[in-house]
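All chains are identified by letter, namely A, B, C and D, in their written order; residue positions are counted from 1 within each chain.
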Amino acid sequence: MDILSLFIIVPVITILVLIFAKGLKQSRIISLVGSIFQFGMAINLVFAYFKERAVNDAIMVFTKDVVWFKQFNIHYSIGVDGISVALLLLTTIVVLAGVFISWKMKDLPKEFFVSLIVLSIGVYGFFISIDLFTMFVFFEIAVIPMYLLIGIWGTGPREYSAMKLTLMLMGASAVLLVGILGIYFNSNADGGPLTFNILEIAQVNIPFEVQKLFFPLTFIGFAVIGALFPFHTWSPDGHASAPTAVSMLHAGVLMKLGGYGVFRVAMYLLPEGALHWSWFFIILAAIGVVYGAFAALKQTDLKYINAYSSVSHLGLVLFALLMLNKTAWNGAILQSLSHGFMTALFFALIGMIYGRTHTRDVTKLGGLLKVIPFISVIYVIAGLASLGLPGFSGFVAEMNIFVGAFQHDDIFYRVLTILSVSAIVITAVYILRVVGIMLMGPVKNEAFLSLPKVTWYEKFGILLLLIPIVGMGVAPLWLSNMILESLQPFIQGVL
Amino acid sequence: MIEGISIYEILTLTSILFFIGVYGFITRKNLISILISVELILNASVVNFVVINKYLYPDVLQGVYFSLFIIAVAAAETALAISIIINLYRQISSVEVKDIETMKY
Amino acid sequence: MNIDSFLLMRHEILLLAIVLLLIVAEIFINQNKKGSIVHLAIFLFGIHTIVGFFAIDESSLFGGMFRTNGLIHFFKNILNIGVLVLLLQSADWLQEKIVQHNRGTEFFILMFSSLLGMYFMISSGDFLMFYLGLELSTLPVAALAAFETTKRISSESGIKLILSAALASGVSLFGISLLYATTGSIYFNDIIEVITSTNLSILGLVLFFAGLAFKISLVPFHFWTADVYEGAPISIASYLSVISKGAAVFILMILLFTVLKPLMHIWENMVYIIAIATMFIGNLFALRQQNMKRFLAFSSIAQAGFILLGIIEGNQLGVTTVVYFVLIYVFSNLAAFGVVQAISLQTGKENMNDYEGLYRTNPKLSLVMMLALFSLAGIPPVAGFFGKFFLFTAAASKGYYLLVFLAVVNVTISLYYYLLVIRAMFLRQSDHAIPFFKNKLYMRLGLIITVLGILILGLYSPLYDYIFELSSNFN
Amino acid sequence: MNFSYTILIPLIPLAVFLLLGIFNQKIKPAVSGYIGVFGLLASAIISFYAAYQYFFVSGKADGVYQTFVDKTVWMNFTETLHIDMGVLIDPISIMMLIVVSVVSLMVHIYSRGYMKGDDGYTRFFAFLSLFSFSMYGLVLATNLFQIYIFWELVGVSSYLLIGYYYTKPSAVAAAKKAFIVTRFADLGFLIGILIIGYYTGTFDFETLNNPEGSAILNWASTSFMGLSVITWALILIFIGGAGKSAMLPFHIWLPDAMEGPTPVSALIHAATMVVAGIYLVARLFPMFYFVEHGFALNIVAYVGAISSLFAAIIAITQTDIKRVLAFSTMSQLGYMMLALGVSGYDGHEGVGYMASMFHLFTHAMFKALLFLGAGSVIHAIHSNYLKDMGGLRKYMPITNVTFLIAALAIAGMPPFAGFWSKDEILVAAFEHNKLIYYIGVLVAGLTAFYMFRIYFGIFWGKDREYEHTPKESPLSMTFPLMVLALLSIVGGFIPFSEFITPDKAGFEAHLNYPLAAIAVGVGLTGIILAWVFYKKENDLADKFANAFGIFYKWAFHKFYFDELYLFITKKILFKRVSAPIAWFDKKVVDATMEGIGNKTVLTSEKIKGMQSGKVQDYAFSFIAGVVVLAIVFIYIWTN
């Protein structure tokens, strides 16, 4: 079994075992074992990747290609480069943390973990596949479990949010489908056979009119899940209603599919279309960056604040991708990773706070530093990380994005860059606002004086997410180099 | 082949017959009469087949045979329809078409 | 014309034999264990299904009135499997409701003869055979729809079906007569050579098309569907929505692709319009349905609209995708109907809000339902997704991107109402939920087969390649 | 000569921080205090050793102080642009190392007494170490991005330390304010960096500052709105500096920052962090000087001058001694800025630059001393307000004397440190810009006045009735006072012009007697006025204040800058921007998405009549469909 397909096999096996599990204890143990195993595989993959990369300079390594539907030339073809390796690592970590965080899942635990793992299968598959069809399949597999996860285990208006989220994402994927078919049927522009294989299509130069037509479809199709500005409204409600672990996976991993897809498919296969449209979408993205930050400023529900900050941060990702240069792209990938960890951490903490105080309304909370110091301190750290403090991953990513974006020769883009740079101040404002109101100050509510202390599994979950944030922030070089060299072929493809 | 009458007259007739049937089907209140209008429609095509066969392609008798079969099938159809109608009549003692509208929307 | 050429009609002859045998059996089985007729029938039909899989060589009989080839043969097998599953699912219902009144045999005879009609219809070589097959497949179903003689709505649906069917067949007959007028033959092979697009032939095409569109229940010829499904016994509803629709789709496709190929520039636009109308109307109506049968009726209308996306391609790709989709659709829809039938048999409840909290009481059943609905909605990795995706591919290969776009919009809409059912079953919790019950062997068997189909058919690509080869003579 | 060992200077405090931060709960307070002190002691020793090495052993090569750089790539942006981490050793960085080490060490020692018994003692020392680490890193930075990184880090440690009493809402607010205001200024800094990076292709100080380098020579190549883009970049960078050094209009955070513990104010908001802005300008001095003939530098000069005057005026009116000191700090920082602004480049022209650094040095000493003294007073009587103080000289003699020394130093009385540096500044101003010179003189007088106002207010006047008689602070607190007092006395005699000049060559500086005399005279007048007003209880001061009337009121309310900012943030940002956006999101964007869904359902409700249940309607639509299709395809759509 090759090293990549294991990422699909192992979760499937986990599910099969889970089916026979009884009760909370067994199911959580099984899923814990499974996810730890995946984590191990991801670590192993990183090292294997470096070893392979030393001897093999193909765009994708560990490639495997099995013909699936030969009439359509559909293959189950997988492979990774530095970017997907990094994202896979992110995913495994977040999933593992998610399992820890949902250690005390009361209602239908088995089903919960099964759907969680199904979701992760979708994500893994998406990241490793280099065949548009396979990619699309995994994309939808990743999205659908959200409905059950939010709908069954959610809080608040869960049915509404779940339906909204699912429909918007599926609608997006429907648009995406048209785009993919468009690409597919023009993949023989140079007289070759029709193909879904990304790498092969990248060699074809698709006519400009076609690119102009299908780039927006493909872009929007992916960007909706990346919370592109007018289509982001599924995310706040979805986050707010989802159970903790789901919010973590969702914001931490699922929303990354957007950026990754845009990068892998829209940008890479339709470069001229990208160049032609970038001005328009870049405006949307820039709006999203500032708009999200301002919207977060006004919220009082922790999850909403975080959701909007995600809109802002992921806006930066799309923004950087559309800048079409290496540094910005590097920044975009780094931002995806760092946002993945940070926001997952945030949601984990919010979940713990909510689980203890039973409210997410910041105005009702106060002085938590006194009563639950560990969680609060970590929250402060996460906050500082997310406002881009040096020494944390956010800074590295954002600086790459800003410097890269500012290298653009067109003044218009540089002005937009400055605009979105200004978002970091607003970010600081809303983060510190929350920290000030919720963690500092006097304890607002007598009941808070006796909150349960943080448990071992919560600690595990938190540290699991915190360590990469600091690691990326302190020593970014190896990661960014890994990504940069993987970006090389794309640069040649696009520019 | 009838003297002095070209195929057009007959086809016009059958078309008229057809639409009379349709009209009856749409307007009659009584299930039985709706059934009769269906017969009109079928007969329109029966005549069509015969006439076309006779006027245009007299050498092979496809149309004629077709029409025979149509008549037979039509009989079966009517029989079945009648039986169902009777069954309905047993229950609601009515054959009015307005009484079979309980299922809608 | 020698004896072994009758073996070409193996399906038909066997089925006929079974029908006769059942009549005989009816006489000899003694009163106190009428139930055994059900077992007998299912057993016989099972054998028939298996025998059906033996290869048949390609040829035609009766001067081309009856023809058969690999694809037709394969499709007959699909129908067989469908009917078999359907019988398995409705066995308990028969045992409990029908056999008491000594009407078990009638049921089987009617259903089998209708199936026989479909055999003739899809392997017909001229319009006469086609017409006979059509009628033979329609009339018994009307009788079956009115089968629960004690229920008023059952008779109503029977009448609605028979009247609409009569009208439809009348119209299409008129169309056939016009085609006959333009071409001078009712044999497909002759027609292909001579047919051209004159006003008369176009009119004939439209009228004839309407007749089949009625059976596939395409907008605006679909209105009977919902009412009939609702009134008829569930097994008949599912029979209508799966078997007869499938057969009609198949023959329509074959006629359009072979006989009426010269008129393609006409009918592809026609299909284009009707496809859009069908998808939207079907979905929009399905949104509000509470009764599961009506719900599935409209959903199946929408599905028919999707099928047209494959038909519009007009070549081998179209044939393959359509057959493939129909195959998957058979399993998905049968699964859905099966669950509905099981529940309504146990509790008599057929409304969506009765399903609330079903997962907590009957997890297995709800999971089957979920799979079926996901397959209908086209969610990977279950089969439905692949079927739909390939249909869209077929349409896109002709450059109908707008049509595909509207189709995917409709997929999203349809997802909404499929999720409504899932919401009722999984998300909601109700204190008067349907209590836990165990299904009988037949029903379970029927459901398991469908589930296997749903899970495997999509991922198992050789099947698709096989169909592709079968349909090789369409380009 | 290799100075790479200086990397230890920041790393030791970092280690201390991690140690104390992670094992916060485990370590006993006493122990953590010692860990902090000794950690910093180590850094200080290394700094002194490095200073000795540099200035007296191996720094000079043919009469010019060399720049030693030792760095490694931390992150790559493009082929040319990358962030390096490393140490840059040149006169000013060494000088800053000394300043930071001395003050920080003193403050550490002092805090062991001052913070005794406070829960969070360990946390306090952890934060102090974090700050020391960041400050050292900032000082040693080799390029713009490294300095920006540590710039942010000192910002956050200041945030943490101001908000040290996090249960006190005012402290929380102050911390937030400090961080956000400086962050806002840093935005300018960051954009400036981006522009520099884009147009010059490097972040390195060496490359940028090289007078023959491309960065300086081709400043005119691209211009934007009439100014060179480089000039714009420099102005933006200066905005960043102004934010940290509390220049107008970014000064508002500094007074509030006094909510933090007094040692913190002494270390961060008097001696070290706030001078980062000056340090930054000095660091880029060649660029400021050469690009567009020092256009940006003039802005620096005027901003500095105005800020110092502005702050001095406000300082007179404040009643909270720490706030008085805060404004005095701001005023002195303005002084340094002004000095930089009026400085030339080579030879004796560079006196302003030299003086600015000199004043930075001396000011660090005596201002830290003032704060610590104030701290010891506050420690004794638990109040910040002048009205609660008086006649303390008999209770706490050491504090009294040291405070007096510091006051004299800041008032510029010879032979105290302040006198020398201030004199050089005035010389530089006099030579380059008379207007600024006059402002400088005026400020000198005001400084002397308000400083002695509080001195007399605290230690003279008649006793207030204290609930328990105040007593002198413990040795751990008085010892630093004495050390710093000593430095404030002798600090002025260091021949700075030998060591620190823009062209690093060094020159002979000699006292300019007439100017010095004027300065001293003005200072004395200030002191005497203060003596008259505040030595004894009398109502002269109030009369005087009333004489100024409305103007006094303005000054007392700090010219309503806070209100202005509040208005901008609360009224504009929250009410006019954020709230509408939130509303827009809910009511427009979201509503549109939902609207699509609702419309669909509504439509399906509307059209349900089609399914009327009448078999004849069905037949009708059937036939209608047929007819329409027939017509369409026979007559209309015939292709």
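The rule is short, and it goes like this: contacts are C-beta pairs under 8 Å (C-beta built on N, C-alpha and C of every residue); 3 or more make two chains touch, one makes a residue touch a chain.
Please read all numbers here as calculations on a predicted model, not as lab measurements.
The set of chains touching subunit A and also touching subunit C is given as D.
Innermost chain of the displayed assembly, by C-alpha centre distance to the whole-protein C-alpha centre, is A. The chain pair C-D and the chain pair B-D differ in C-beta contact count, and the higher one is C-D.
We define each chain's centre as the mean of its Cα atoms; on that basis subunit C and subunit D are separated by 78 Å. Note on chain placement: the centre of subunit B and the centre of subunit D lie 98 Å apart, centres being C-alpha means. Inter-chain spacing, taken between the CA centroids of subunit A and subunit B, is 65 Å. Between the CA-based centres of subunit A and subunit D the separation comes to 37 Å, rounded to the whole angstrom. Touching two or more other chains at once are residues 597, 608, 611, 613, 615, 619, 623 of subunit D.
Contacts with at least two other chains are made by residues 22, 25, 34, 100, 102-105 of subunit B. Along subunit A, residues 167 each make contact with two or more other chains. Chain pairs that touch one another, listed by label: A-C, A-D, B-C, B-D, C-D. Within the complex, the subunit A residues that touch subunit C are 68-72, 74, 133, 137-138, 140-141, 144, 147-148, 151-152, 158-159, 162-163, 166-167, 170-171, 174-175, 177-178, 181-182, 184-185.
Interface residues of subunit D, counted against subunit B in their complex, comprise 608-609, 611-616, 619-620, 623. Every residue of subunit D that touches subunit C in the complex is listed here, in rising order: 597, 600-601, 603-605, 607-608, 610-611, 613, 615, 617-619, 621-626, 629-630, 632-634, 637, 639. Those residues of subunit B that touch subunit D in the shared complex are 22, 25-28, 34, 97-98, 100-105.
Every residue of subunit C that touches subunit B in the complex is listed here, in rising order: 127-128, 131-132, 135, 139, 142-143, 146, 149-150, 152-153, 155-160, 162-163, 165-167, 169-171, 173-174, 176-178, 180-181, 184-187, 226-227, 230-231, 288.
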